[in-house]
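Before anything else, here is the set of structures, which you'll find just below.
Shared chain: subunit A. Partners: subunit B in the first complex, subunit C in the second.
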Partner chain A sequence: MTGLRAASLGVPFEPVPGFVGTDLPATADFRTVKDPWTGEEIYVVPALRPRWALLHVQEADARGNARILGSPGYDLLMAAAADQVILTAERIIETEELARTPELTGISDLTVAAVVEAPGGARPGDCPGHYDVDGAAIRRYLEAARTAEGLAAYLEAER
Partner chain B sequence: MLHRIPAALVRELCRQGRRGLRLSKPSPSYDLDLLCAAGCLAEVDAGVASLESAFGGALPGYRRAVEAGLVRVREFS
Partner chain C sequence: MTSPPEPSGVGTGPAAAVADDVRAAADQVVVTLARLVRDGEVTCHGVNSIVPALALMLARQGHAPSARQISIGGGLDGMPPSLPRSSSGSGWLSGSPVVLSNVDVYQLALRGRVDLMLLGCVQVDAHGRVNSTVIGSFDRPEVRLPGGGGAAVLFQVVRRIVVYRTRHEPRALPIAVDFVTATGNLDRVVTPLAVFRATPGGLKLEGFQPGASLDAVRTRTGFAVVPTEDCAPVPPPTVAERQLLERLDPDRLRDLDFL
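Our next item is the complex of A and B:
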């Protein structure tokens, strides 16, 4: 999360609190810098700048302006960190409809490369206002993914 | 975790047989597991990664890929 935030802000790295005395920093190439005010060492993590953010939203216009209803989770952060965004949306709506409540438009078309209308595109996960997590479908996936053949059949069936 | 995941898009990446991808996501779940199970991923940057507790919590496809050395994991904050 911190690495994506650094990318979203356009800075090369960002300090993170804690981790001192744990093995975690060595696993992910955390490094330390000296706080220029206090002289204390602090861990920093590098910016993570993905090429693409792939997001599913409730509503977008054809240009890629989009709004997320309910918790955005980390999606707005991922959109800001990545070079470009690919959206799937429950519904494509008119720009005028978005413009009536512009404060809800969390993703602007500036970095959106593609938008696809894909109702049900978050299943078996949830999409607030449309559907909840589908527990039976999650269990069906887990069962199918136990073998390569099962997974291939699952991917063909879930189009 | 299972909240507005781009599931249909991820399934299409799997069907297209994409390889060598790097996933950077704070709390992935089904998407991470599926990309691992389908052999699409080479690297993962993630914090917590899990299905929700109702489904046993763990991500078996992710676990298998990491244990087999197929995926390099960096756990950032």
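Our next item is the complex of A and C:
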């Protein structure tokens, strides 16, 4: 989250509390800086700037303005951190419909490169208001994904 | 000069009480700003910015239909049925598919996604440095100004900054500002008398507005005025521009900043 937030703000790194005494900073190239006010050491995390964010949303217009219903999780942060966004949407709606309640729109089209109409696009995960997690489908996927042929057959069957 | 009318009630402008030269100055600055917008640019205007907001709408309805307009009040490509009295008012959400928070707008700017911003200022000097903070010394000011409102950052992350002045006078265009509030990607300075272009060697006179001459600009400018090689008169508003202005701002709210 800290790396994505640094990217979203256009800064090279961001401080983060914690991690002291753990082995994690060495595995991810976290470094420390001295707080210029207190002199205390604190870990800083480099900006994590994805080329793309792929997000599934409930409703989007064809230009890429989108509503996320339920918790946005890290989606808005990912959209702000990435260079560009690709949206998949349960349904495509008119821009005028979004303009009636613009405060519900979480993602603006300014950074969206493509919008794909993809009902069921979050399966076998959940999509609030549309479907819940499908445990049986996840088990089928795990079994099928053991081989490339199995995965291809799974994807074909789930389309 | 007649005293300015009391601003009263939403939607009422200064109307007929305003002198012709004030109306002409307001129209000329708005159309000059609008002409600087390039089609497809992502543009932004701040609070207390009726002149830039109107200029951006004029550009979008004229030569730059694909330009995007972010209002700091949250709207994206808003098309209010009548010009809101405040450029941060909720009217700018009219027609917008999204509400952008101030954090959203700054994030876009910080990531280099805003191409053009139109900003007012109190002083701009020969080097294109802007002062919106204080006249006199910071600790013992003659006048404490409203502040830059993020300009110190925006000047260095937005691709092009155009600043405008509603009055062209020597103390507003000094050799050096009293306090550097912002410096960076300045592109143009627009006043009722002149258009300056920012060059590596400082501000140069690119055009003079209708009714102004090189001598008039020199007399009213605090720093030495150097014309560009292609310095030329700026055309007055076209018939099409006048008609659009009349339709977008029939109450002439734009005049208020020029009184």
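Note that in this section the second predicted complex is superposed on the first by the 159 of 159 C-alpha atoms of A that agree within 3 Å, B and C clash if a C-alpha of one lies under 4 Å from a C-alpha of the other, contacts with A are read in each partner's own complex, and residues count from 1 in each chain.
Operating definition for what follows: contacts are C-beta pairs under 8 Å (C-beta built on N, C-alpha and C of every residue); 3 or more make two chains touch, one makes a residue touch a chain.
Keep in mind the model is a prediction, meaning the values are calculated, not measured.
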Partner chain(s) touched by A:Pro50 [first = subunit B, second = subunit C, both, neither]: first
Contacts of A:Gly10 with subunit B and subunit C, given as first, second, both or neither: second
Touching partner for A:Asn65 - first (subunit B), second (subunit C), both, neither: second
Touched partner set for A:Glu103, first subunit B, second subunit C, both or neither: second
Touched partner set for A:Ile86, first subunit B, second subunit C, both or neither: first
First, second, both or neither for A:Pro36, with subunit B first and subunit C second: neither
Which superposed partner A:Leu151 touches (first subunit B, second subunit C, both, neither): first
Residue contacts on subunit A - larger count, subunit B or subunit C: B
Shared subunit A surface residues [contacts with subunit B and with subunit C]: none
Residue numbers on subunit A that touch subunit C, as the complex places them: 8-11, 61, 63, 65, 80, 95, 98-99, 102-103, 105, 107-111
Subunit A contact footprint on subunit C (complex, rising order): 42, 68, 74-76, 93, 95-100, 104, 107-108, 110-113, 157
Residue ranges of subunit B touching subunit A (in the complex, touch as defined): 2-11, 14-15, 22, 24-27, 29-30, 33-34, 37-38, 45, 47, 51-52, 54-56, 60-61, 73-77
Of all residues in subunit A, those that touch subunit B in their complex: 1-4, 16, 18-19, 24, 27-30, 45, 48, 50, 54-57, 68, 71, 73-75, 77-78, 81, 86, 88, 116, 118, 120-128, 133, 135, 138-139, 141-142, 145-146, 151, 155-156, 158-159
